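Two complexes follow with chain A in common, the first pairing it with chain B and the second with chain C.
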Partner chain A sequence: MMSSAQIEIQLIASLAAIACAIPGTFLVLRKMAMISDAISHSILPGIVIGFFITHDLNSPLLILLAAATGIITVILVEYIQKTGLVKEDTAIGLVFPALFSIGVILIAKNANDVHLDVDAVLLGELAFAPFDRFIISDIDLGPKSLWVIGSILIVTIGLLFAFFKELKVSTFDAGLAASLGFSPAIMHYGLMSIASVTTVGAFDAVGAILVVALMIAPAATAYLLTNNLKRMLLYAIGFGVFCAISGYWVAHWLDASIAGSITTMLGIIFLLVYLFAPNKGIIAVLYREKQQRTEVSLLTFLLHLKNHNEEEERHVNHLNEHINWQKVRSKTVLELALKNNMIVVDNNIVSLTEKGNDFTSQAIDYIITNEDAEIEHMKDDFFLFRG
Partner chain B sequence: MDFLEYIRLVFTDYTLRTITLGTAILGAVTGMLGSFAVLRKQSLLGDAISHAALPGIAIAFLITGTKDSNVLLLGALISGLIGTFWIRGIITKTHLKSDTALGLILSLFFGFGMLLLTFIQKQPNANQAGLDKYLFGQAATLLESDVWMMATVTGICLIILLLFWKEFKMLLFDADFTKTLGFNTKAIDILITSFIVLAIVLGLQTVGVVLMSAMLLAPAAAARQWTNSLGKMVFLAAIFGALSGVFGTAVSATQNNLSTGPVIVIIASVFVLVSFVFSPSRGLLFKQIRFIKNRRDLKLNKTLAFMYGIAETHENISHPHTVKILNNFQGFTKGTLQKLVHKNYVTLEGNMWSLTKKGFQAASNLYNQQNDDE
Partner chain C sequence: MAQKIAVKVDDLTVAYNYKPVLWDIDLEIPEGVLMAIVGPNGAGKSTLIKSILGILKPIAGSVSIYDKPYEKQRQLVAYVPQKGSVDWDFPTTALDVVMMGTYGSLGWIKRPKQKEKKQALEALEKVGMLPFKNRQISQLSGGQQQRIFLARALVQNASIYFMDEPFQGVDATTEIAIINILKELRKAGKTVIVVHHDLQTVPEYFDWVTFLNVKKIATGPVKDIFNDDNLTKTYGINYKVSIQE
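Right, the complex of A and B next:
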């Protein structure tokens, strides 16, 4: 049996996963994934200062203050980048360690007043989340983190539905979005604000690093499986929730950090998809590259045949040494050409068939003009071997 | 502790001497290699690698059970290299972009590392205390042997840099050209990347996983502002890095409860800030001053051109006109008029101005040639 604390932890982790996956998808698509890493570090001074004022990690004021630090980070990075003194990635790399260091030093200098542990900031204290209850006039309404992350999630989903079209257009075609009258700046800072608030809201439960993992990993994994934005969002949410729950049980089993094991689950899922995803997975890519190499070889071979009418140039043995391929490769190419009726082998003399001849001339046409349209219709014509 | 006493202690106290020397060497080597990272637009690679090194440390501890820093750093090196090459694999083989790849490896490896660290902490018989110093760095735990190790690696780095200086430089600025000359660009690339990883791993004990990337970037970004020559930049970055190390150690040693890492990073950031603002050629301050000066010159020329336009219509170019007619012209201020008088272009008499010969000459040539009287 699961205790209610266990259910609550899994619920918080799952909600955090969903709340992170939504902005994360857009960050990955907009090539701004590292910004989430920067935000997750640089909110630390905001949290510390907020904590001095409120003495409560779950207070809305603290969340707003910390989220403001996140926005400041983004603005600072953009300002430095605009000066042209350094490149964008250097700007990110300079800003967040500085802010994070200020946070760490603030904590160290006020260790007596601040019961904040830097390890806890990085890692979160998901296991303790159920103990901090939200109580109004003696009625227990559940853990505070659940309320915090739940409200953030509701706002995020509301904004997602309200501005889905605008977000989509501005993500894929900023110019078009601007010409349609959606300010790219508003979209940009809106997304950054959501990312900041989510980071702050989730950090208490799952820690700064896991927030980054929850934002980037599910979205990246989903991106390897689909090009459709809606599906990508759904997949990302699915991966996030699955890893949140399975990660909890791994941590339970190993008696280790929950945040750490959720991240590890995310890593395992990503690795699997990275290796085995159809079309975009590593194995599929390598296989396709090999096939393309064979296709190019075949073309070279056919061109050679077309260029040489002399029989001795077209003798199998001669071909073998002339094009300088290894035996296996030559055999593959030869068989492929035979199978596609491109050539006939008569008495060890290879000659092009009419079809092969035709194909080769078209291929030359394609190589000369280099227009994609030509090769597309060629593939149909000759039933090429792909797929 | 006052300043002089601190200086005395640096030379007499074993611990303080070791730490100061260690952080100085570390700053120098990361500054040196960081220059390449910054110029190769791999600034955030350092961040990813340093995080990716964490599971290596934990696994090395789990396998060997020792806390010997050389063994742990070897683990860190291996896992950092795996992280680096995985990032490369993601970027080259899939359509995920470099920022996503970096963020992925960074967070996933770090999370896995934390899982292992907490797992180790729960082991009953493990003498695990001290592994988490790799998070934020504790320069106080540096031993003389660690410093020797750093010095050796720095020496090797320096030799390799000098040996392959030409290749590194060429790859940095024109990779295609290097390839056409027949150099093995892949090998050079791997060599420099491996050394960057090595430098990062060396710093983990002192600065920590989280802030190591700043050690790599900040001195290089600061040095970049002062020079356009690669050699000078590498040299300056090494100096900046070493100074950050020394000052950072000094500050954190004199205060209670301060990890070295954050302090060194803050000092390095101050170097960056100062360089951004005060660098003579690229700095924001001088850029602004140049901007204002150019605008003033432009205004002055505008006024002169306007005066020329009026004077042209008269037979006597020095025919006096009232100052009033200049007022509705944008470029005119009292200052510019004074400046024109000062340059002997214009003479003032009461409320009347008149163009001198010299001024007329200058104005007629205003758009024909560069003003080289500056």
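Right, the complex of A and C next:
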């Protein structure tokens, strides 16, 4: 039996994963992964100042104040970038350590009044989240973080449903979006605000580092697996929740930090997908490149046959010399051509079949003129003509 | 001339980081022309289009579309950005990209429905891309991507079309297919403005031309002003194009 604290921790982690995956997907597509890191660190002064005022890490005012610091980060980064003196990542590198150190100094100067330490902010402690309860007139409504993250998640989902098409078009083609009247600036700052609010809302429970990991890793993993934006969002959410729950149990068995275990799970899943994803994974890409090399060889070989009627040029044993290939390569190519009925071997003399002859002419035409439509049916058999 | 003015640009100056890239441009584009904007790389051709479409804020001057500010006339205008300005690895299909052309008439929040999908499919058919409707956009060739962009503009069903280098990186067949569609649009009374690079084909494709290099050099009918003098003024070197009659 799971204790209610265990269930609550997994619930908080899962909701945080969903709340992070949604803005994270768009951040990844906008190639803005770095900015979420910047936000997560530079909200520290906002949190400290908010804490001076509210003395409650879960107060909505603190969340808004800290989120405002996140937006200020984004604006500062853009302002520095606009001067044209430095690139975006440099600008991020300038802004966030500055704001972060202001936060650290504020904490150090007021160490006696503030029960807040940098480690807690960065790493969070999910294990303690169930202890901070939301109680109204003696009724226990559950952990406060669950309410905070739950509310943020509901707002995020609402905005996602309302503005899905606007987010999509402004992410894909900001120029078109602007010309259609969907201000990319509004979408941009809207997204940044959601990312900031989510970061602040989740940091107390899960820590700033896990927030960044939950925003970027599931979205980056999903990106490798699909060519459909809606599916990418769903996959990102799925990976996030899976890692949140499996990470919790890994931490449980190893008696390790929950946030650390979830981050590790996110890393492992990303690595696996990065290696094995069917189309965009490293192995698939390498395999495709190898196939393409073989097919270029095949074409060279077929062309050679087409151009030479002399039997000696077409003798199996002489192919190596004539086309100047290693044995293995000519064997692969020969087999590939045979398998596709493009050649016949008669008495060790290779000749093109009609199919092979047609294929060669079409392929050469294609390469010369690049008229794609006509070779549609060839694309399925041969990598060479894809992309 | 009794012809209506579709696009009017007055004293337009545009700068990036306080460095002006368009200086004091005055331009009138009559309704129903098929116009090329020519000029060297970095002349500000894309910047001019973006400023007309309100994507960039000018530091001085104004733009009107049929005598009203662009913001009031969005529905009349379609835009094809430079192909390189978007990420073709974005997770979406050809059909979905063409559907984006309907977003303007839908306005905020409303989602495209069957009607919009039908329009998008018709546009895909028109540019010969219907068989590719479900293909992920990175799996399309350069020419096919350009056709998708054209289809997206057609779906907007506008009066004025702005196209930034629609012939960039396309094969000869696609170039002919595209120019035929543009000529059809002109026949239907639309105004088409195209950033164009291949000077050889200007007289064959277009009836109107604007020479641009930071300043406006000249604008008018191709037959009157497409000459070595204006080309030299625009490109800086002694330019000779033999214009086939």
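Here is the rule we go by: the second predicted complex is superposed on the first by the 370 of 387 C-alpha atoms of A that agree within 3 Å, B and C clash if a C-alpha of one lies under 4 Å from a C-alpha of the other, contacts with A are read in each partner's own complex, and residues count from 1 in each chain.
The criterion applied here is as follows: contacts are C-beta pairs under 8 Å (C-beta built on N, C-alpha and C of every residue); 3 or more make two chains touch, one makes a residue touch a chain.
These numbers were taken from a predicted model, which means no experiment stands behind them.
S.K.: What is the contact status of A:Leu159 with respect to chain B (first) and chain C (second): first, second, both, or neither?
M.R.: So A:Leu159 meets neither chain B nor chain C here.
S.K.: Using the superposition on chain A described above, determine whether A:Leu338 touches chain B (first), chain C (second), both, or neither.
M.R.: After superposition on chain A, A:Leu338 lies in contact with neither partner.
S.K.: Mind working out whether A:Ile349 is in touch with chain B, chain C, both or neither, as first, second, both or neither?
M.R.: Neither partner.
S.K.: Touching A:Leu299 in the superposition: chain B (first), chain C (second), both, neither?
M.R.: Neither partner.
S.K.: Under the stated touch criterion, which partner chain does A:Ala127 make contact with: chain B (first), chain C (second), both, or neither?
M.R.: neither
S.K.: Is A:Ala68 contacted by the first partner chain B, the second partner chain C, both or neither?
M.R.: A:Ala68 contacts neither chain B nor chain C.
S.K.: For A:Lys109, select first, second, both or neither according to whether it touches chain B, chain C, the two together, or no partner.
M.R.: first
S.K.: For A:Tyr223, select first, second, both or neither according to whether it touches chain B, chain C, the two together, or no partner.
M.R.: both
S.K.: Who does A:Ala213 touch here: chain B (first), chain C (second), both, or neither?
M.R.: first
S.K.: By residue count, is chain A touched more by chain B or by chain C?
M.R.: Larger number of chain A residues touched: B.
S.K.: With the touch criterion stated at the top, can you tell me which chain A residues are shared between the chain B interface and the chain C interface?
M.R.: 31, 83, 223
S.K.: Could you pull out which chain C residues touch chain A in their complex?
M.R.: 17, 50, 53-55, 71, 74, 77, 79, 81, 85-87, 90-93, 97, 100, 103-104, 106-109, 111-112, 128, 131, 136, 138-139, 141, 143-144, 152, 171-173
S.K.: Which of the residues in chain A come into contact with chain B in the complex?
M.R.: Where chain A meets chain B, its residues are 28, 31-34, 36-37, 41, 80, 83, 85-87, 89-90, 92-94, 97-98, 100-102, 104-105, 108-109, 111, 118-119, 122-123, 209-210, 212-213, 215-217, 219-220, 223-224, 251, 254-257, 259-264, 266-267, 270, 274, 280-282, 285-286.
S.K.: Using the touch definition from the top, list the residues of chain B that touch chain A in their complex.
M.R.: Residue positions touching the partner: 38, 41-44, 46-47, 51, 89-90, 93-97, 99-100, 102-104, 106-119, 122, 132, 135-136, 210-211, 213-214, 216-218, 221, 224-225, 255, 257-259, 261-263, 265-266, 269, 272, 276, 282, 284.
S.K.: Would you pull the chain A residues touching chain C in the complex into a rising list?
M.R.: On the chain A side, the touching residues are 29, 31, 82-84, 162-166, 168-169, 171-173, 175-176, 178-182, 223, 226-229, 231-232, 369-373, 376, 386-387.
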